[in-house]
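Once you scroll down, you'll see the structures, which are given as structure tokens.
In what comes next, subunit A is part of two complexes: it sits with subunit B in the first one and with subunit C in the second one.
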Partner chain A sequence: MSLVHRDKSFSLWSKLLLPAVIVQLIGWYLGLFWIGADKDQGDVFRIMFVHVPVAWCAFLWILCAAVFAILGFMKKSLFEKMDHSAHAAIDLGTVFAALALATGSIWGRPTWGVWWDWDPRLTTTLVMFLICCAYHVLRSFTPDVQARRNAGQIVAILAAVNVPVVYFSVNIWRSLHQPQTFVRKGSSASSDIATILLVNTVAMVILSVVLFKLRRTVVATEEALDAAREGKQQI
Partner chain B sequence: MSIAQIWQKNCWLVFEYSVRTLLLRKASWAGTLAFAACLAILFPFAFGTELIQKAEIRHGAFWAINEFVVALSVARLFSVESEGGMLEYFLSTQAHRSALLFGKIFYIVLYLLSVQVPLLLMWVVFYNVPGSVVVSLGTRIVPLLLLFNLGTGTIGALLACVTARSTARDILMPLLFYPLQMSVLLAAVSLATLSDPNVVMLAGTSEQSWWTVMLGVPVVFLALGVLLSDVLFQE
Partner chain C sequence: MNSSEFGNVSWVYYVVGAYAVVVLSLAAMTLSSLRRFRIARRALKEEGFSDDKV
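Let's look at the complex of A and B:
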């Protein structure tokens, strides 16, 4: 019954998929064809319209995972649900962090001349990605369900500690990476770029919410199946 | 007796028990020091005996050795207690779990310092550290080592609890530990290198930022340790 209920819940969220795809297509059209090439970087700068939204989504979902974990610890009745949510959020955080690293690297090659530089922003993002990977390894190597949930939730909170470090790394340390785009006055982004970036970010966030719901359903179903298998083996 | 006094007493009890156990089992301390000595000999061969004379490499090697020593030590942080059944005893008492965590953190800080003092002498001799460097490092090495130990020790203690019930603890501990403590290592290396009169630092290198990292990491993780101590220590 619960699985059927979850499916219904997901079908409601899946309705967001169409607007997300439409907004994303508009965002990509604006980024690829509407706005002109950058004076210094040429067409390479257009990857920013993918790179920045995925990086923000990585921050968002890793922070969400920590919030879910904290809520789970605070309210014991929600512990299982929050564990599923935190797990799904870390999954998304891992994928988005990997995409942010990959797109950043693709941008870095023609701009900086190297695929990788030990720049504070890049290094801290890599660390954030590695912690997310460690979360998955920890879960798969902890057989006891309760211990797995506790350990997973703690690591989800620890992973979030790194998010402000990544975000402010360009301010704290001398960095090749450009500073925060929208925080400071007189930022490097023009209003056109900022608008397109905003459209792409909104699209990516909506898409990620749908993916989160889908992944959360899969996580819950997998856990229910594992529990059923273990029960069958014991019989 | 007030709650604070009881907490302090429990913390001291755990610390005292750990120190007494260490005094009884001196072999583990000697083994850790021998491991550090092996690494101190290994690095000049790995980097080349000429390159190791360079100031930046020399400082990096010292902190890298410390890093491996910490990883080895924190992996065995609760092993004596769990082998002897003492951990169950502590957990069955009314003592607050954070007192147990703090007692172990203070112990690991002291334990690491006791290994680092002879290691520092080895480093000065084996790496031909000039007298001027030793003098300039002299004023800041103690606070640097204490903060490094506190930061890495706190992270290590938290992770030792998180991975306690995992099957592949040997893989998980370094996988979680190294990414999380990277900022402490970076800060320690940078601050040690900054004190070296032979090193010309690039413009914009902020000493204050690194001290903030060195102080901030233990504060954040100690706070997390207190908040999560009930979850961390579950039978």
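Let's look at the complex of A and C:
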């Protein structure tokens, strides 16, 4: 009897792992050694090439979790699969949100003089991270499988509602954090910086997709194990 | 103060620290996921379930 089906697309994506790692290393090399220092921030601006991609990955996976949750609610036949996907996506969203906060804090110390400030962008990102943590707490403390899945899906949707608030917080409120540089016309960022940032972001997104596939397989296998053990106990 | 230093700390420590946090976290997540998968798959086998598609 087989309970867990191998994710065929995982094999496909895992083949992309090595090229993605190579592209990521090239991107980091360009960001760390090739491009010159920023005229205002000096060399410390190089943190941008890791901070921005992880922040965007956090947004991406939290939004994906909400999409999976909504699809699960809309199509009951897909509910279990979508729950596994949403769970894996929130796992990644939690890690990437934590990394965005950590790298942002490391960047903030030399540029703002503080490790942390209750600035709108930082505070809303912290709220986004805490909602992801709430998802894990809720799942851990809800024994009933169906209730756990329903509650998890609702929290995943709530986490996604916060993403636009985080993204636009620098425009809505007065903030220490710089506004979105690359979406405005007449951006001060050079095309070199934009290109290197794009390379790093694409590499990080591909790496995160491979990680997502791996996490989803883990979630599905562990749930299958729990179901098998519960089935044995009932017998 | 040198323009590339912040307090007494060189920019290198901040940049290396930021990159190291990301690399180590993602590596830890990958390795822990692989370990959890192997443990769960072995336990499933022990429970008597075929792992041919696991």
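FYI, the second predicted complex is superposed on the first by the 227 of 235 C-alpha atoms of A that agree within 3 Å, B and C clash if a C-alpha of one lies under 4 Å from a C-alpha of the other, contacts with A are read in each partner's own complex, and residues count from 1 in each chain.
Here is the rule we go by: a contact is a pair of C-beta atoms (placed from the backbone, for glycine too) under 8 Å apart; a residue touches a chain by one contact, two chains touch by 3 or more.
Bear in mind the structure is a predicted one, so any value in this text is a computation, not a measurement.
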| task | Name the chain, either subunit B or subunit C, that contacts more residues of subunit A. | result | C
| task | In the overlay, answer first, second, both or neither for which of subunit B and subunit C A:Leu214 touches. | result | second
| Which of subunit B and subunit C A:Asp40 touches, first, second, both or neither | neither
| After superposition on the shared chain, which partner residues are touched by A:Asn150: those of subunit B (first), subunit C (second), both, or neither? | first
| said: With both complexes overlaid on chain A, does A:Val127 touch subunit B (first), subunit C (second), both or neither? | reply: first
| field | Partner chain in contact with A:Val137 - subunit B first, subunit C second, else both or neither | value | first
| message | For A:Ala224, using the defined touch cut-off, is the partner it touches subunit B, subunit C, both, or neither? Pick first, second, both or neither. | response | second
| said: Per the definitions at the top, what is the overlap between the subunit A residues touching subunit B and those touching subunit C? | reply: none
| remark: Per the touch rule, the subunit B residues reaching subunit A in their complex are 158, 162-163, 165-168, 171-172, 175-176, 178-180, 182-183, 202-206, 209, 212-213, 220-221, 224, 228, 231-232, 234
| note | The residues of subunit C that touch subunit A in their complex are 3-4, 6, 9, 11-12, 14-15, 17-19, 21-22, 25-26, 29-30, 33-34, 36-37, 40-41, 43-44, 47-54
| remark: Per the touch rule, the subunit A residues reaching subunit B in their complex are 73, 123-124, 127, 130-131, 133-134, 137-138, 141-144, 146-147, 150-151, 153-155, 157-158, 161-162, 165, 172-174
| query | So in the complex, which bits of subunit A are touching subunit C? | reply | 1-6, 28, 32, 37, 42-44, 46-47, 50-51, 54, 95, 98-99, 102-103, 106-107, 109-110, 207, 211, 214-215, 217-218, 221-222, 224-225, 228-229, 232
